[in-house]
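Have a look at these structures, which come just after this line.
In the two assemblies presented below, chain A is common to both, partnered first by chain B and then by chain C.
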Partner chain A sequence: MNFDISKVKPVYLKKIFSKKYLYPLIYQVLLQILRPDEIGKVSIKFSLDLIKKNFSKNSKVIMVNVFTPTEIFFALNTFPILPEVASAVSANFSISDSALFESDDILFSKDSCSVHRNLIGLIKMGFLPTPNYVFTTDKPCHSAVHSFYLISKFYGGEYFIIDIPEEETEENLIYLSKKLEDTFIFLSKELKIKNPYKNLLNAINLSNETRKYMIEINELRKKKVLIDGRKFLGYLGMTFSAFGSTYGRDFFRLLRDNLKKLYEEGFELPVKRKLYWLHLGPYFKTDFFDYLYKKDAYIVFEETSNVYWEEFDLKDPFKSVAKKLINYKIFSNLEERYKTTIKAINDYKVDGVIIFNQWGCRQGAGSSYLLRKKLIDYGIPCIIIDGDLVDESNFPKEQNRTRVEGFLEVIE
Partner chain B sequence: MSYFIGVDIGSVATKVVLIKNESNLQYVVGKISPTGTNGNSVAQELIHDLLKEQNLEIKKIENILATGYGRISVSFTKFTKTEISCHAKGARFIFPNTKTIIDIGGQDSKAIKLGSNGNVLDFVMNDKCAAGTGRFLEVMSHALQVNLSEFGNYHIESKKDIEISNICTVFAESEVISLLSEGVDKKDIIKGINYSVAKRALTLLKRVNVEEEVTMTGGVAKNRGVVFALEDLLKLKINIPKTPEFIGALGAALFAAELKEERNGRDS
Partner chain C sequence: MYSCNIKDLCEEMLIKKIKDEKSFFYFCSYVPVEIIHASSYKPVRFILDSLQFLHSDEVIPKYICPYLKTAVEFFIKNNLKEKNIIFTDGCDSSRRIFEVFKELNFTKKYFYLKIPFNDNHQDILFFKSELQKLFILLNGKLDLEKLNESINLYNLGRKKLYQIFNNHSQNLKSSFKFYLNSLFQLMDIKDFINLDIDFTNQKSEIQNKFYLFSTVYPLNFVEYIESLGINIAYDDSCFGEKNLSLIELNNDDPLTSISEYYLKKEGCVRKREIDKKIENLIQRYKNKNLKGVIIYNLKYCDPLIFFIPMIKEKLNEEKIPHLLIEDDFTMNIKGQIRTRIEAFLEMIK
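Here is the complex of A and B:
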């Protein structure tokens, strides 16, 4: 069945989404069309519940950027929308072309990040609901501060920046944890949440469980190439949006179970070259990854799957979350990315590194060439693929094919 | 005697090279033609003409290997390699001490770093635009109404340094037209254009750490002006093959010969 969602006007989607009684039916239809496994079912349920909660009448819509801790918001019985994730999903549904066009009169510079231009277009077109509150961290992504401000300015929603200090000092930890707690208290009052702290502990517990499953998955992946890393690039909805929820826990638990079963059955992908992938990947439909498979090259680990943070302390959750935010090691500064990459190279016996260079991603693209040089000096082949996460027109297909095939010849 | 063919289907031109193995591998002949809209049929025609000229039948050819952007859609061989590996192979065959290659073709340019045994250690390609490639020079040639083959001579005759500041091909063309209208000598503009291409190449070379000997391949190497400019910027002498546009196809032919060796190795 070919269903082109890009042809559906958002107003109709809104009408459908506002009718709660339709959800069980939509869920069943999706199960019939997509025939997902148990892991996929969690994803579908998560997406539908997110839509249901945010498109319902009188619901409070909270938008947060991908680096804002979602645990706080799940604890407040809200379902935070991550517009960057929506931006990637829209590319997969071929909506980003129109959304990017629509954003041109607001964010006219093509040099700004296409993910953020796209999300502005999506909200303008009505694919995203009008927010009541907009939260963003100021690190490591530099674009969200601006794009989320524009969302608030043009479409509504009270705007908050979570300012993350550079270094982990006691003073900085206190500052950030206080800021997080203030945000939590403010929202719990606004949303009239009873027993918010009890909910918070539940969300923190769920987050810790999810983390534990991710670690177990990573350990299994060290032993054998059980899964194509491209799938993990596609799990960004769960990686960024679902921490602190049962969806996140269930998704990664089922994934762990699945990989464990594959491992015990002796399964392994026919891998000849093992690759480590930095940054995210293209979310529009592309045969780019097929170039890898044809040469039996697989992504064995990816930057977004690194679990670099400690288990959250239930006695001091805000401080724990603050510690995670300050010590962000992915998409981060050059030294941290280098150290994380070297660890992954050794842990996963990587033959080559691919750095995906998202056009407009200031904190990532700026240091890519330096990172590449350091990795080559270390002795690992490394290539930069200049591309785009959501804008297909900014992805030179043939040139990238030659680059990646040439790279595979280098590490042959 | 064994014969092998390498085919390089580039964005602008398709090149075919025939080599033979008579105690050692030797270059026999190369043919070139514009790629046009169907690189596959252009390549087949070139192979046909080449064989006819050499009085050879196709069955005498042991292997054919394709490279270049058109390598993906060829119907006459299943063997392909990227132009990165092929230029490395070809350049090393002509100049065995090559450590660094700069290849400037019709629509892309690349710097390739080789290891001591000729293997590709690293490479970088131009950004997502035609700046610093053969297409850039073609546009400038059109704007100046000077044949590209004259660019080298004009460059040598120039006595003045002119900077072409725009990297974008379209804006650089406007800049050139503007300079012409100001009465600036064509020779000086051409020298500026050649330096502009050379500077782009230098940026790529720096990223792979230039090491001597440096060999330049691709059609742009026939423009002596670009070669002079790059030698000046690098402060070293660059190897230029007699037919630099055929080096990718030559490398492909050499890989085709290696396929036979591999097969023989497996058979024995």
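Here is the complex of A and C:
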């Protein structure tokens, strides 16, 4: 059964979402339609609870970008919305075409990142609720700094930027951890949260547990190709939005259990060519990846699955989180991306690297040509796929297929 | 007294500075020229005219800031290597161009300056520590006395330019003002302060005076629109007239003075302060009795792309005529610009 959410008007969705008693019913209907496994069930529950929390009356809506640490928001009994993730999800439900069209009325230009154009369209159309607070870091890119400001000015929400320094020095750690703690204190007062620090420790614990499962998953993936990495590109909702919650912990624990079972049963995908994928991938429906499978080429690891941070210190959570933010390795600079890629090539015995260039992403694509050159100089075949995460009309499918065909021949 | 063609002087100056080992280049208006000067280097803004992207397409994608891409093109075309440059994280393109310059050996001595978006007390202190690192890298030590001298010199330069622009603002050609401002960013500051300027033949006959809003635009843009009957009375761009405010110097702590100045001054569009920005624009528009606002939208410039919806909304509310021109720094669409400007002038008659 096909369920085309793009045909449903946002106003009806809002009406449905505001009725809390309907959620158990919606959940059961989705289980019947999608027939998910246990991992999928966690993800559906997470999405529904996020919607329920943010669309219900009197709820405080908090929007954050992909690098804002969600742990501090879960600790305050809120369910942060990541508009960038919502933008990708909307492409999967074929809503992005109309959202991009709507955003043109506001932005006048198609030259910026379509993920951010799309999220403005989603708010305009009513697919996302009006925020009360908008938080963004200045990493990995400045697009959220700009698009979130536009949201706060046009639709509402108090706007905050968290500046992340470049290097890890004691001075910079103090500077950033203070900013994080100030944000936490400010919100806990605004939301009248009792014992916020106790909740924070719980969220930090959950985040550490989730991290541990992710590491175990990555270790299993080193041994055998147990899962197609494209699925991990699809897990971005959990990777970016669920740290610090039970949903994140349960999702990655179940995924670890599943992969462990497959490993113990001796399962392995029929892989002939192992690929490493940089950046995210197209989120609209596409058969682009099917072409890879036909050639027995699989993504064995991807940039977004790197666990690059240390376990958070429960005695000093803000400093720990600050340390993670300063030392980010994904969507990072040329040097870090090169090092991370080389490590993945060796750890996962990669045959070739695909760099996905999101149209208009100055941050991700800016030094991609040089990264490709450096990787080729290192001796690993590398290709850049120019495309779009959410705008299907900006993804030259046939051209990319021809290019990938040539690329796969090279690494045969 | 200076009397030769000011445009030629700018071009000669840039060529001279490129050859000078003591030059320290920059692309962003957040770079504190005072620290470069106090370190016995010569601060030089990289001012460029339009170029076709023949070589740079091989190293950077199409949708990176065309101004910075022009700089890459200029370096490749002229086979330039090992220059002293300060980069900033002013925008995403700027962050990536830093890597391109490093990787292609365009840089010798370099610094990557982190600019916080916020400007609270803790951000000013953070930026001060960034400036300290820069000063030590360039000078080997913190010479505060020398820094005080440099701040005073640049304040004199800004004051001189401000007085010229304001005393003659009703009748100076906008291209002349633009090149004079460029000279301020290219010349040794002492030479600029001592420069005796000849204003003969620099008066504009054009009655239509406008406000220019942009980030960065090519040298020939102002000249071209001037030829179409547009006189820019106020340049509100990264390196425009708003940079002529003076540093309030605390002799005991010049680094904090600089940090505060650069973070708190009316900065570029990356600063999320639309209300203040629009207030300033409207006040200037009214005070100078202008005809409208020209927005030069540099293609792929995110800070500007996301700012324009808000500025357009406010300009519409205030019923201020405005024209949005989009270009990729190449000025390849001169015909289109002409048609739009002619129609705009017709409309506001």
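We take it that the second predicted complex is superposed on the first by the 412 of 412 C-alpha atoms of A that agree within 3 Å, B and C clash if a C-alpha of one lies under 4 Å from a C-alpha of the other, contacts with A are read in each partner's own complex, and residues count from 1 in each chain.
The criterion applied here is as follows: contacts are C-beta pairs under 8 Å (C-beta built on N, C-alpha and C of every residue); 3 or more make two chains touch, one makes a residue touch a chain.
Since the structure is predicted, the reported quantities are computational estimates derived from the model, not experimental observations.
*Asks:* Does chain B (first) or chain C (second) touch A:D257, or do both, or does neither?
*Replies:* After superposition on chain A, A:D257 lies in contact with neither partner.
*Asks:* Go through the superposed model and pick first if A:Y369 touches only chain B, second if only chain C, both, or neither.
*Replies:* Both partners, chain B and chain C.
*Asks:* Applying the touch criterion given at the start, work out whether A:D138 contacts chain B, chain C, both or neither, answering first, second, both or neither.
*Replies:* A:D138: touches chain C, not chain B.
*Asks:* Tell me which partner A:E409 touches in the superposition: chain B (first), chain C (second), both or neither.
*Replies:* The first partner, chain B, only.
*Asks:* Going by the contact rule set out at the top, does A:N357 touch chain B (first), chain C (second), both, or neither?
*Replies:* Once the two structures are laid over each other on A, A:N357 reaches chain C alone.
*Asks:* After lining up the shared chain so the two structures overlap, which partner does A:P381 touch, if you call chain B first and chain C second: first, second, both or neither?
*Replies:* Only chain B; A:P381 stays clear of chain C.
*Asks:* Specify the partner with more touching residues on chain A, choosing between chain B and chain C.
*Replies:* C
*Asks:* Which partner does A:K153 contact after superposing on A: first (chain B), second (chain C), both, neither?
*Replies:* After superposing on A, A:K153 lies in contact with chain C but is clear of chain B.
*Asks:* Between chain B and chain C, whom does A:D347 touch in the aligned arrangement: first, second, both, or neither?
*Replies:* A:D347 contacts neither chain B nor chain C.
*Asks:* Where on chain A do chain B and chain C both make contact?
*Replies:* 369, 386
*Asks:* Mind pulling up the chain A residues that touch chain B in the complex?
*Replies:* 369, 373, 376, 381, 386, 394, 396, 398-399, 401-403, 405-406, 409-410
*Asks:* Would you pull the chain B residues touching chain A in the complex into a rising list?
*Replies:* Residues of chain B touching chain A: 69, 72, 81-85, 108, 119-123, 125, 127-128, 207.
*Asks:* Considering the complex alone, what residue numbers of chain A touch chain C?
*Replies:* Going through chain A, the ones touching chain C are 106-109, 111-113, 138, 141-143, 145-147, 149-150, 153-154, 159, 161, 163, 165-166, 171-172, 175, 178-179, 333-335, 357, 359-360, 362-363, 365-370, 374, 386.
*Asks:* Which residues, counting only chain C, touch chain A once they are in their complex?
*Replies:* By the definition above, chain C touches chain A via 58-61, 63-65, 89, 91-93, 95-97, 99-100, 103, 112, 114, 116-118, 122-123, 126, 129, 270, 272, 274, 297, 299-300, 302-303, 305-310, 312, 324, 326.
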